[in-house]
Amino acid sequence: MAEPENELHTDEMILNIGPSHPATHGTVRVLATLDGENIVNADVEIGYLHRAFEKSCEHGTWQQAFPYTDRLNYNSAIINNVAYAMGVEKLLGIDVPERCRFIRTIASEISRVADHLTCIGPSAMEVGAFSTFLYFVEARELMWDLIESLCGARLTNNYVRIGGVKADLPADFAEKLKAHFVKTRQLIDDVDKLLTHNRIFIDRMRGTGVLSAEDAIDWGWTGPCLRSTGVPLDLRKDEPYLVYDQVDFDVPVGEYGDNFDRYLVRMEEMHQSMRMVEQLLEKIPEGPINVEDTRVRWPAKQLVYSRMEELINHFKIVFEGVQPPKGEAYAAVESPNGELGFYLVSDGSGKPVKVRCRPPGFANLQALGPILKGGMLSDLVPSFGMINMIGGECDR
Amino acid sequence: MQQLFYVFGSLAVASGLLMVLQRNPITAAMNLVVTMFSLAALFVLLSAHFIAVIQLLVYAGAIMVLFIFVIMLLNLQDDELRPRGRNFIHLVSVAVVLFAMAQLWQLLSRTPAIPLAPVDEAYGTTGEMGMLLFSDYLFPFEIVSILILAAIVGAVVLAKRRLD
Amino acid sequence: MPAEAIFMAGKIGFVFFLVLNLAGVLGWVERKQSALMQDRIGANRAPIFGITAIGLFHPLADAIKAFTKEDFIPARAHKLFHTLAPFIALVPALTAFAVIPFGDTLTIGGETTQLVVADLDVGVLFVFAIMSLATFGVVLAGWSSYNNYSMLGGLRASAQMLSYEIVMGLTLVGVFMVYGSLQLTEIARAQGEYFVFGGVNTWIPKWGILTQPLAFFLFLTAAVAESKRLPFDVAEAESELVAGYFTEYSGMKFLMFWMAEFVEIVVISALVATLFLGGWQIPWLHPDGLHVPFTAIVVGLPSLVVSMMGVGAFLMKVFVLIWLQMTIRWTLPRFRYDQIMRLGWKMILPLALVNVVLTGFVVLLLNR
Amino acid sequence: MPPLNHYLALSGVLFFIGVAGVLTRRNAIIVFMCIELMLNAVNLTFLAYARFLGSMTGHVFAFFVITVAAAEAAVGLAIIVAIFRNKETVNIDELNLMRW
Amino acid sequence: MDAPVEGNRAAGDSDEKPSPAVQRVLERFSGDVLSRHAYRGDDTLVIKREAVVDVCRFLKAEPDLRFDLFLDLTAVDYLPVEPRFEVVIHLYSTPHGLRMRLKVPLAGDDPEMDTLTSVWRATDWFEREAWDMYGIVFRGHPNLKRILLYEEFEGHPLRKDYPIDKRQPLIGPKN
């Protein structure tokens, strides 16, 4: 056949997508082997955002890990805070006050809306619908406004504490929330009108990135991605934590397990989350927002400045850290992308032996290669967008 | 008009030669596009407006794009196909071509210059062309359409990866 | 004939001025229009002596920036074609405007001229022929850059443009059948006539959009696809192919691709305006003045004024069509490559054929 | 106007450039392009004679030539693609399947 | 309620009656379960590494257990204690809503166990991460290479004896 000197190649083209590529929001690399426009094989490489989260946590006290958890999923930092706090509280064996649980739930659901907005907006932009992206960015700003009024930070909130939260709801929170939700609903409706019945958008999303329910479970999928395949697994319903057992909400599930179902599930979840927040604000009881246990929660600032006992207590707890008893605990919450779990091991000292974060994005992204195989190059974009890999959480 | 003929004529010859001499298939194809373009200009000089536009549209715009598409699809790089012990045949073929060109030159230089007849406004227009095609040459025209249909089917069948 | 030469120079000057400026201004319009749609302010900086003129100087700033940028050629690129490609993409788009009439006849000082640079007998075919040459610019840019993204973009672009040229041509066959000409001036002039049913003048002009409504939509779709704008911009889909065929371009050459795109928008809008929206025609306005419908009253107007109004009307129509294309661009998501092909070959092409057959029957019936 | 002779001479030169290419080049696609060049040269002859005779029959023939060339290009390129898929080459020296 | 703690790890049999799911495993694999506990309500089984694939298959296949959703696999390094490593697996049963934690102790000089990729495909990247961070070898893994760190990285950073300020070789572009 062809001799070496005149060998002409038509091997499959290897296209290196990422780590810095317009479609890879977050830093990830997909090595796609292409046959024309079709993807024959896709290797996903992660780790570009690895920041040694677990190692860093092992070198600080239990409280000092909170800012690190913010950076896991920066779109919904409060949910990460809550999950970690719940893990430490489980290890300590304490319960937080009712009002604190309400506030955590409210903040979590607002974060969830922000996260879904950040998922759908850019994904729509990447299939070309640029206007919807800006509508959702605007809506996300409103959500962040609300979170800012809670804790003063918009992105990396560091709002939750072991045994409580940093601050109570501000006085005008309810009115502000009402006004912001009206506008957010309008924006979501606008996008709904632009995308949900748009033939081109449906053609791009429907039937791409399909994964069956069995495969999705086998790949360890959780969250909206798993629900899009028709499995109604939602920790908020199945293992109600915080106060999810006191609110009425639905868990939307998809039918075909494709990108369009993932989009629809997320759109509906935003409505459900807003519904939940409104119910919670109705029901929220008065009361303390922090546990009274001095081993866990440090005393109020004015007491620290004025009284000796509290000053010593504050000093000890800040320097030695909270000291959970020896043991291990796993606490999981339903993060916007799936089950976010923290597996914590304590040796009884103020520093953790192990802080393991079970990132939903890590497991979800694992199946990206298989679902891309056999599809077209353009399908990579919505599939990747709808899996909603968050670099900070995936690479830790 | 006279000058335009020589400009485009020499352009056509030059790019034609380059096409034959170029190693790189894409460069060769682009040179052929230039030849086609110059020929279209020459057709305009011959008052063949319709054919000139068709030349651009079909030859330069479609056939050549198809060529380039195929070259890109097959990812043909520089033409490294060395002649293997065929230099003799090469020499002979070039000699034959040069001989034929010399003969042609002799023939044409011996004949006196034949001026072209003036033609009326309608000559070479789309309307006239359509009239001819759809009256005197209707049958060949229809045959050609069948030929194109056959070619489409043939091309699809050939280029398809498997017959399934 | 000096008068003819002056007219010709004037017309060429006007067309170049119009097209190049429109292309520049379109950059600004696009930004502002998208900003309006997306609740933003849009470009509003770039001052000249403190005057920002709502961002109008941005195209200028862009041009200066592009001129002063490094002109980058990748290490293993084919230098000649890499340099040539943007020119090949831009020049045909500019040339195509030559045969598009932007007004009726203009009479100044007893000399009459048709307001078109070249009134070719093969008008529309010329536009197609010239625009098909623009494909080479795109394909060469993709091939010569030595980059997989460029290559894929070039491949996609060549297949897409080749397919949609055919579709575009076929959609217009109905128009040619109705007006009986390929010459754009004649098509435009024919659209000044009115529908006459059973001897009754309805005073509805025979615009292409009314005589060939299906062809109008098909052609507009195909034309947007041909210019590779969203939702048909798979060749430069920034989320998949970074920038497709012009990934490896920078500076002025990048700007030339950008210009070529905007010039193509203008050409397409002008072509659609001429073929389907009556070109320079304003309903009931004739060279001798305004004819009041259903009466014989004629409000006389000087021919110069009528000519100028025609040019204005043509520009208006072009602007409306440009605005339409921009709205589409900022509203719709992008097709997938195979979906574009399916749309072209399996939807628009058969519909265009149906349109041809139907038009044939109607023309035959009416001419009986 | 240039006389008919010049058109014919140009046409002949182009035709023989095409012949030379067909005889010397080994890349099937370039050989194919040379054939297209020869067809074009013939077209020029047709049009020149048509102009000389003041008849448009030559145009009709040129039209048919272009049409057939388009069909031929489609099929020919499809054959080249098919061959390339099977044999990984477009060198005509190696495409000797039918040489028996 | 505090669990009996041995060394610095929570281990040893809990006095409580085991949950039905744990009971099933205990019945079937009585010889392979080293210990069990349910500290803070998390069912935990410590299993011999030889039996881990069988136990996992059993947990996944058994109709009244059906631990089909693999959640997490990680390792913990209890440096001075031997066996030094412990691979921790978290499972969830979607039909029954059960959770289970499996722990596999591994010796510091022989951190090897069989891969679980044949049971749940999802374990692929998690095992790669455990290899990357702790140097635990999963025998039979199809593609056991670093995932979060780069190929040239030396050592396994989450081991307790890895100095936190260690410098790693800088790498430039390859060619």
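Details
Residue numbering begins at 1 within each chain, and the chains themselves are lettered A, B, C, D and E in the order written.
In this section, contacts are C-beta pairs under 8 Å (C-beta built on N, C-alpha and C of every residue); 3 or more make two chains touch, one makes a residue touch a chain.
All values reported here derive from a predicted model rather than from experimental measurement.
Counting only chains that touch, the fewest steps needed to get from subunit C to subunit D is 2.
More C-beta pairs in contact connect the chains of B-D than those of the other pair, out of B-D and A-C. Farthest chain from subunit C, judged by C-alpha centroids: E. When every chain is reduced to the mean of its CA atoms, the largest separation from subunit B belongs to E. Mean C-alpha positions place subunit A and subunit C at a centre distance of 46 Å.
With centres taken as mean Cα positions, subunit E sits 71 Å from subunit D. Taking each chain's centre as the average of its CA atoms, subunit C and subunit E sit 65 Å apart. If you average the CA atoms of subunit A and of subunit E, the two centres end up 24 Å from each other. Residues of subunit E in contact with at least two other chains: none. Under the contact definition stated at the top, the residues of subunit D that touch 2 or more other chains are 84-85, 90-91. Residue positions of subunit C touching 2 or more other chains, listed in rising order: 151. Those residues of subunit D whose C-beta lies close enough to touch subunit B in the complex are 1-10, 12-14, 16-21, 23-27, 29-30, 32-34, 36-37, 40, 43-44, 47-48, 50-54, 56-57, 59-60, 62-64, 66-75, 77-82, 84-85, 90-91, 93.
Contacts from subunit C toward subunit A in the complex involve residues 34, 37-40, 148-149, 151-152, 156, 230-231, 233-234, 237-240, 242, 330-339.
For subunit C in complex with subunit B, the residues that touch the partner chain are 78, 81, 120-122, 125-126, 128-130, 132-133, 135-136, 139-140, 142-144, 151, 154-155, 158-159, 161-162, 165, 182. Listed in rising order, the residues of subunit B touching subunit C in the complex are 24, 26-27, 30, 33, 37, 49-50, 53-54, 56-57, 60-62, 64-66, 68-69, 72-73, 125-127. Contact residues on subunit E toward subunit A in their complex (touch as defined above): 2-3, 5, 8-10, 39-40, 42, 44, 68-72, 74, 76-78, 88, 90, 92, 94, 97, 99, 101, 120-122, 124-126, 129, 133, 146-150, 157-158, 164.
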